Structures are given as structure tokens and as C-alpha cells.
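In order of appearance the chains are A, B, C and D, and numbering begins at 1 in each one.
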Amino acid sequence: MNIIAKWYYRLGAPNWFYPLTGKMLPWIAVIFLALLIPGLYMGLFTAPADYQQGDSFRIMYVHVPAAWMSMFIYFAMAVAAVVALVWRVRMAEIMIISSAPIGASFALIALITGSLWGKPMWGAWWVWDARLTSELILLFIYLGIFALYNAIENKQTAGRAMSILTLVGVVNLPIIHYSVVWWNTLHQAATVSKFDTPSIHIDMLIPLLLMAAAFQFLYLWILLLKMRANLLEQDLHCGWVKKIIWDRRKAHNGGN
Amino acid sequence: MQEFFAMGGYGSYVWSAFGISFLIILINLVQPALQHRQAIRDADDFHHQEK
Amino acid sequence: MSSLWSLIRRDLLLAYRRRGEVGNALIFFGLVVLLFPIGIGASETLLAQIAPGLIWIAALLATLMSLDSLFKEDYQDGTLEQWTLSPHSLVAFVWARLISHWLITALPLVAVAPVLALTLNLPADAIGVLLLSLLLGTPVLMFVGAIGVALTTGLQKSSLLLPLLVLPFYIPVLIFGASAVEVSASGWSAAGQLYILAGLFVLGLTLAPFAVASALKVSVSQ
Amino acid sequence: MHYQAKQLSCKRGRKTLFSELSFELQAGQLLLIEGHNGAGKTSLLKLLTGLRMPEAGEILWQSRSIHDAHNDFRSKLSWLGHQNPLKDEQSALENLHTLSSFRPRNSISLTDALQEVKLGHAKHAQVKTFSAGMKRRLSLASLLVANTQLWILDEPQAALDKDGVALYESLAKQHLENDGMIVMTSHHPLNLPADRVQRLALGV
């Protein structure tokens, strides 16, 4: 079995996945902070203020990465859904249910920061802008996926039902987005789209890329935390959890 | 230092935006940790009886 | 393989023998439309302005309400299991069931819509486009909604889950349906919107049954 | 023709219903699955029919997995669950016609099948007016009109009176004699030739 298949197979086994990700967590957290701190520093302080929006444009440094992440996480979930449905990999289903709340949180961040960014410029907390509206719909799709999984007791069927819904969602997302964009142009005076990042100056771009990379590792960090918790919760009665408990107890007893 | 917080008059918007965002992120980090600790405790109880 | 038509005929026969239930979606449609003038006030100009969106939203909600009974009975009495285990493809069963359900519940909605449109003072020349947009749109609502129904059929408690799962996917149909009527009400041609609706129609009718079939297989394995 | 299960295991929620369950069934044999309620009988039947995938193990028909795409398992299987797949507003004949459309047909006509299960007189009556025993017999009639080899039945004698049970036993005997196979769950004692019956206890 070549190396990729071996990895792929072992990654699917909880008793291998749980300890391995346990070791990876600290490193991911460190990389996240290493990207976040400079990104925040440059975004808030050194990047020049925008000639039009002044300093309120700095909200972009959390709004835009969050919006990108909410889309990225959904497509990652869609890939996991294909894996879960075609090869019946349970770990992929755990990844989807663990990613859904994270995606919803990023969508919520994008919505809140979007309205905070819009308030000083147009005086309204909520603007039916194409991007904000499709972000709101994406939030509802995330909540739907989460609600479906929790409504079904048998986790095996819940995982498959959720994977199907995720795939149906990924087919619909582009359609929803473009119909909302079209609907927006119909109902609003044709102004430049409000959320296009302004013609970006290089010192403005670097913090944005840093923040985007930081959010990627943040997602990975929360995802692994969530997956380990869900896995442990679901496999409470399994042998591999018993082994982990006994190892912890041995280490604990050995300690004192 | 004072004008730094003012953020050119938009201070309340910028800081509340960053504040709320990191609050949501914090919740997303704390919740799985609590869930994990609770799962460990449940597993401990379950596997304890079967000494 | 019993042909598609014999399946549809059986469903229609069954619906005919249960005439009582069939009118529910229709009554709901009329009621929702009735609520708006009462709630928003019956000034002609205002009503005429919101009429297109209002009729479409009422039709959308009525279709959604009628979807609950799509597979529930077959799931409970075991017919769905018989279908899943038969050598015939489940997609054919889904096709037949959705067509017959559309004929039973959605077609009456489309027939009644012009009358309601007149009560809302919709300009007469928009009625034609209203009918066409509903004829193209309600099947998509039904086929896409059926995916949500199939996913939640296995649940004992009929919760509010179905609208939460399905409404986001109704948005494109609502956008183009309502604007087709609105544009034609103010005299312009609604060809663009209707073509897109036709596109959604074809997409829905060809892809959705496969998703419905695999969702039913999941619900049956509960 | 043989039907085999190897090291099946199935979980409901966190409880393991059964594991390492295996059996082998030849033509002309009956597998009787016994066990108290909640022991997982119906879950096992869902695995055996292929409605649900087992956590571990596999089920073979003609030594090929029943989930194999090009496997004729489903055209050789008749399934009857706990409920009767009947529509109250249809007559007995209409219901039987629908049920017969699910499986490849054999030469027995619908009316003969109804006579065989002693429902000939109620051919055009709506199932709404039927008693539970009559509904069960109507569902059993669907087995007679299908050209299938393997019957998987979940408590076939449920709601049947003494004559009904005797009727079912004769149908089963007849099916086994012409090389049919039956997998069934039951609470009632069953008088069928012992050499043809294999027993499997669950949740013991």
C-alpha cells in the first residue's frame, strides 16, 4: 500500500487520529499566533489609513478573512461529504459536523463586522448588499446542516444525511450567490459594490494576507479540538477510548 | 496614545468589530475544550466500573 | 417495471379517494394572501406594488406546507422499504410521486393564483406571466423541497426542521419568480427572468430526484 | 443458491446489539431468529435485507456481497416488515397489484393468491374494512405472487389467529420444498420439519 493510502487509511482510524492530532495542536496554535500578532499589529497600526474611509477600513482585516473562511470551510465540508458518501469514511462525517459551527461562527463574524463597517459609511446597521445577503443565507445553510445532524439520534445515518445536505448545498451556493447579486443590482442604485477591497496598496495587502493565513490555522486548530471532543464523546464505549483512559490513569498514578 | 484609540473617530466601530470577532473565536476555542474535558470525565466513569 | 404512468395513476386515485386533505394547501394559500391586506392596509397602489412578491411567497409557503405528507405515509406503512428493496430504481418512484404530488397540490395553486392576484389589484397583463412563472417555479420548489422531506422523513417528531433545511434553496426561485411578475406588471418583458426560471426548472427536475432517492435510502436505514 | 453472513456486528447508539454473528443458509432451509424485544431482531433483519450497512462483517448471496452493484440479490428477495405495506383506501386486489409490481412476477394470478390466503371473498373490499389478521394475510399473499427465492420476514404470524398461523406454516413448508429459503423472526413456537430449521438466538 503506497504511503498516501497508508496515511489516508490510518487517518481514518480514531485510535491513531486522536493521539496524533493531540501532539499537533500546540504547534498549530503557535503558528496561528505567529501569523496573527504581526497581522493585527500591521493592520491596526502601520497600514496607512484609507483616504476615503479613514481608519474604519481597518475592520476589513477581520471582515474579509472571516468571509473568505466561511466560504472555504463550506467547500472543505463538501469535499469531506463526497469522501463520506463514496468511501463511507466516518472520520469525514465527524469533520463535517465539527466544521459546521466554525463556519457558522466565521459567517456570523463576517456579518457583524460587515454591518459595523457599513454603519459609519452609510448610516445603516444593515445594508441589503449582495455579499452580506449571501453571507446571511450561508449562515442559515450552516445552521440547517447543524440542526439536521442533531435531530437524528443514530449518528451513522445522521452523518450520511448531513453529507447529502452538504452536497445539495454546494450545488446551490453559486446559484444563490449569483441570483442574489442579480437581485441586488435590480433593487439598488448601481453603486460600486460596497465591499470590494479598495484598490489595495501593498502595505494594506500584507496584513490582509497574514490575517487570512492566521484564520486558516485558527480554523484547523478549532477543527481538531472539536473533532477530538466529538470523537471521544461518540466512541465513549469503544476499546480505543478505554486504552486512552487507562494510559492517562497509569501516567497519573505513576506521577504521584 | 489617545489618538490611537480614537482610530480617526471610528474607534468604537473598529474596536467593537475586533472585540466581538475575537469573543466569538474565544467561544469556539473554549467550547470544544470543555466538551473534551466532559467526555474524558464520562469515559473515566464508564471505564472505571469495569476495572 | 410498472410504468411511471401507472404509479402516477395510482397516486391520483388515492388522492381522489382522500379528497378531504387535498384542499388544505389551497386554503392555506388563500389565507396567507388574505392576511397581507389586513396587516398592511388595503391601499390600491401599495397592494399592487407588493402583489407579485406576496403571491409568490404565499405559493412558496403553501408548497412547503404540502410537502410534509410526501413520503411520511409510505415510510410509516413500510411501502418505502418495499420500494428501496425492489429491483426497480428508487428514482423512478421519486419521479412519479413528485409529479403526482405536483398535480394534486401545486396545480390548484396555480389555477387559483390569478383570482388572488386580482384581489391584490395586480395589473391584468401581468397575470399571464404570473401563471407561467408559477408553472415553471412550483415544480422546482417541490423537487428541491422533496430533498429536505426525504432527509427528515425518518424523524419521529415532525419538527420545524424542514423549512430551515429547504428555504435557503428556495431563494433563487423566489427572486426570479417574483421579479418576473413585477417587471411584467410595470410593462417590460419578463423573458429574461422566465428563461432563468426555466433553467432552474430543468436543473431541479433532473438533479433533485437522485438526491431525494439517496436521502430516502438513508432515512429507510434508520 | 446460498445465503451467508460473516462476523456481523451492529450498534444502536452506544449499545452493541450483537457482534461476530455468522450463519449460512442453503436452499430449502429456514433460519428462525429468536430473542426478547429490543434484542436487535429488527436491526439484524435490516442488515440482512441490505437496508442498513453493518458496522463490521458482510453478507453474501451466491458468495458475493449483497451490496455489490451487479448482484441480482434484490430481484431474488421478498421482504415483509412488521407493518403491512397496504393503503386503506385501496381494495385488496389493488393493493396486491401494487405489491406485486415491486418484485418479478411468477405465474400465480392475483385472484388465486387471494384465494390461497382465504381472502377470495373480500377481493374488492377496501382494506380499511379489514381486520389486522386479514391485513397480515393480504401482505403474505404478496409473497406468493413473487418469483423470489429468499423470504425475509419480521414476525410473519403477528396478529394471525390459529388458522392464520397454520396457513402461514403451510405456505412456508411449500416454499421450502421447492428450494426456497426463509429468514424469519418469531415469538410463537413453529411446527416445521426440524431438519429444515436453523435457530439463532439474539441478546442471550
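Note that in this section a contact is a pair of C-beta atoms (placed from the backbone, for glycine too) under 8 Å apart; a residue touches a chain by one contact, two chains touch by 3 or more.
Bear in mind the structure is a predicted one, so any value in this text is a computation, not a measurement.
If you compare A-D with C-D, the chain pair joined by more contacting C-beta pairs is C-D. Separating the CA-averaged centres of chain A and chain D is a span of 48 Å.
Distance between chain B and chain D, defined via averaged C-alpha coordinates, is recorded as 54 Å.
Centroids of chain C and chain D (each the mean of its C-alpha atoms) stand 37 Å apart. Work out the mean CA point of chain B and of chain C, and you get 43 Å between them. Annotation for chain D: residues touching 2 or more other chains are 53.
Annotation for chain A: residues 154, 236-237 touch two or more other chains.
Taken residue by residue, chain C touches two or more other chains at 221, whereas all remaining positions touch fewer.
Taken pair by pair, the chains that touch are A-B, A-C, A-D, C-D. Note for the complex: chain D touches chain C at residues 46, 49-53, 72, 74-75, 77, 79, 81-87, 89-90, 94, 98-99, 101-104. If you check the complex, the residues on chain C that touch chain A are 147, 151-152, 154-155, 159, 161, 164-165, 167-169, 171-172, 175-176, 179, 196, 200, 203, 207, 211, 214-215, 218-219, 221-222. Residues of chain A that touch chain B in their complex: 44-45, 49, 54-56, 58-59, 62-63, 66, 101-102, 105, 108-109, 112-113, 116-117, 119-120, 218, 221-222, 225-226, 228-230, 232-233, 236-237, 241-242, 244-246, 248-249. On the chain D side of its complex with chain A, the touching residues are 12-14, 16, 53.
Residue ranges on chain C touching chain D, taken from their complex, read 2, 6, 10, 13-14, 17-18, 76-79, 81-88, 220-221.
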